[in-house]
Amino acid sequence: MHRNGIHRSRLVGTLAVAALMGIAGYAIFFLAPTERTMGEIQRIFYFHVASAWTAFLAFFLVFVANLSYLVRRRPVWDQLAVSAAEVGIAFCTVVLLTGPIWAKPVWGIWWTWDARLTSTFVLWLLYVGYLLLRSLVEDPTRRAVTSAVFGIFAFLDVPIVYMSIRWWRTQHPAPVIAGGEGSGLDPTMWRVLLVCLAALVALLVLLLRQRFRLEQLHSELEDLRLRISANPGNRF
Amino acid sequence: MKELVGSMGIGTATYWILAKELRAELRTRELLHTTLVFVLLVVVLFSFTFEPTREESRRYGPGLLWLALLFAGSLMLQPSFVREQNNDTLSALRLAPIAPFSIFLGKALANFLFLTVAELLLLPIFAALYDVTILPVLGEILVVLALGTAGMVTTGTVFAAIGAQARMRELLLPLLLLPLLVPVLIASVTATASLLAQEPAMDWTAMKFLIGFDVIYLAASALLFEFLLED
Amino acid sequence: MFAESSTALASGLVNPHPTSVGLYLERVSKRYGLLYALREVSLQIRAGEFVLLLGPNGCGKTTLLRVAARLCQPTSGRVVLEGVAPEAPESVRAIGYLGHQTLLYDELTGAENLRFFARLYGIQSESLLNEWLQATELWPRRNDLVRTYSRGMRQRLSIARTLFHDPALLLLDEPTTGLDQNGLAWLGRTLARLRQQGKTIVVSTHSREALAELATRYVTLAAGTVVDDAVPHHSAQP
């Protein structure tokens, strides 16, 4: 009964996210106007930027979970942290892949050592480091504490890396949104971007829930194993 | 949680730990020698990858210097806590009635001094090999070196304590530390480059940036280091 | 929690430099991954007791001593030092812990090791250090690196490091390791004197022979639990 309920809600959630993604895709290709200079390729912008924002949101969650773990010492915070980090890396990977696809036709090169692109890459490296660290610490409590401290250090680095862009020049089309004067996004483009953002955030929530549930099952399994090893005679 | 209960001042405890680190290092000079040779090697090897003209030296020299220092630092900081594990001396430090942060401060200061000595010895060699004039801006260069090194050492000492608790720690520290130090690398290289340019100038934005980085991570270390001593 | 710390604080105020400290463990468990090093251990050790902690290797003796020394956080349960405020510096000073490893710096000399730890405890007196170096018969080798010491010499220096700040609660993990007949006799005399002074002493050992005549109580551990808690025959007459 309970299991069925979980399955049903998961199915409903998955369908809802799929529908949202479909709507976002429709909006990108049929509602959004074609950009004047860049042409069709600019449509990748919606997923590129929305993925970036979603990745930031995920990493912010990691940071909050890291802090909460150090204060409260509840394993759930550690479980949330690792789940959000993994999902965040997935979104960050999307950003790093769509960037070059966009850049090649527009700038004529796949990759440029532009600061914003590079700093997203740095961000990706930091959180891959976070997962790497976790895989190399045996004891669960130690793993949670050391990775929480590292996670906080890594997150503090995000705005610092970002600021280094503003101060040391970049050729990225950064000021398109909330940039200086002369920048601005067509209102329709804005709306499409927000739809994409909504779809991706919904996807984030879905993936996060699944990953978190998996992590909880992991620790449940560990507890069960522990109980068996504690009472070898007792087979429940 | 062990608060700052040390009846001894944090400065005094830091001093004794720093003195202990220096004494041990002066006896073996392991860290200093290996760091020096490592940086020298990088500086020399780099010149083989291209034949730098005077102009190119100016352009690439600062970046090369800082890259070498960053790699050297990430290797040099590792033993900081691994040494304390050999005979479990970390337990003795944790048992002592001192503030946990003084353990961090003592070690970070020691690491800062080791790296600075290595840098001072390397600076003239670098200047000669890459044909850059350093003397007129020596004071400014030293300030940039000190600020960049402080950023490296603050984060690096914390990460050394993290790495000491993991497997494959020799490889892990550079992997964790180097991405985090990207802003330090950018700012230090920018500042050094503008000092070594045709018309030397102090890049105050870069300096403020470095100071900001150092302060933020020193504060974070003060708040979080204690957690890494738990068992 | 609140009430407990306030009463403890009060006793700390009354007794800022405790000479007698009791050690209470309440349902203490320590888990490493899938393994329980300690499972629901409850133990009341009153001030002035001399407890011999017995049991085979890997039964949890070392973990129990580390938990008691506050070097490791129990997974569950409580450790209380009776007679000192838990947050006061005195609670740290009250503990003398001799580890499984030496807790000494190999690249420092014997005298430097002792001096460094003395400074951390706020002790400036050189004569105290010299007394300990002479008592441990390390005086002639005091300026040699610990790296060059034999296992027995390191053990004697470790014991000096544990005891020089005059702790009220001694937690000694296998203190007889590496000691020769002379060293054993010295350790026996030293612990007898400390017992006389009313120190609380907990000694782990895998052999019942060593230090047996000093003990007032035998606690035997197996697989992380207390399986036997007995008073030795000889302890009727002190």
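We call the chains A, B and C, going by the order they appear; numbering starts again at 1 in every chain.
We adopt the following convention: a residue touches a chain if its C-beta (ideal position, glycine included) is under 8 Å from a C-beta of that chain, and two chains touch if they have at least 3 such contacts.
This is a predicted model, so every value here is computed, not measured.
Colleague: Are the chains arranged, by touching, as a line, ring, star, complete graph, or other?
Modeller: Shape of the chain contacts: complete, all pairs touching.
Colleague: Between A-C and A-B, which chain pair shares more contacting C-beta pairs?
Modeller: When A-B is set beside A-C, the one with more contacts is A-B.
Colleague: Grab the C-alpha centre of each chain and report whichever is closest to the global C-alpha centre.
Modeller: Chain nearest the centroid of all protein C-alpha atoms: B.
Colleague: Sort the other chains by how far their Cα centres are from that of chain A and give me the top one.
Modeller: So the chain farthest away from chain A turns out to be C.
Colleague: When the centre of a chain is set as the mean of its C-alpha atoms, what distance in Å lies between chain B and chain C?
Modeller: Spacing between the chain centres: roughly 38 Å.
Colleague: Whole-Å distance, chain A centre to chain C centre, using C-alpha means?
Modeller: 50
Colleague: Take the average of all CA coordinates in chain A, do the same for chain B, and state the distance between these two points in whole angstrom.
Modeller: Comparing mean C-alpha positions, chain B is 32 Å from chain A.
Colleague: Touching at least two other chains at once: which residues of chain A meet that condition?
Modeller: Expected reply: 138.
Colleague: What parts of chain C, by residue number, touch at least two of the other chains?
Modeller: Where chain C is concerned, no single residue meets two or more other chains.
Colleague: Could you list the positions in chain B whose residues touch two or more of the other chains?
Modeller: Those would be 230-231.
Colleague: What part of chain C is in contact with chain A in the complex they form?
Modeller: Touching chain A: residues 31-36, 39 of chain C.
Colleague: Which positions of chain A touch chain B when the two form their complex?
Modeller: Within the complex, chain A touches chain B at residues 70, 118-119, 122, 125-126, 129, 132-133, 136-138, 142, 145-146, 148-150, 152-154, 156-157, 160-161, 163-164, 167-168.
Colleague: Which part of chain C faces chain B closely enough to touch in the complex?
Modeller: For chain C paired with chain B, touching residues are 66, 69-73, 87-89, 92-93, 95, 97, 99-108, 112, 116-117, 119-122, 145, 161.
Colleague: For the complex, which residues does chain A have touching chain C?
Modeller: Touching chain C from chain A are residues 138-140, 222, 225-226, 229-230.
Colleague: Show me the residue ranges of chain B that touch chain A in the complex, using the header's touch definition.
Modeller: 155, 158-159, 162, 165-168, 172, 175-176, 179-180, 182-183, 186-187, 190, 205-206, 209, 212-213, 216-217, 220, 224, 227-228, 230-231
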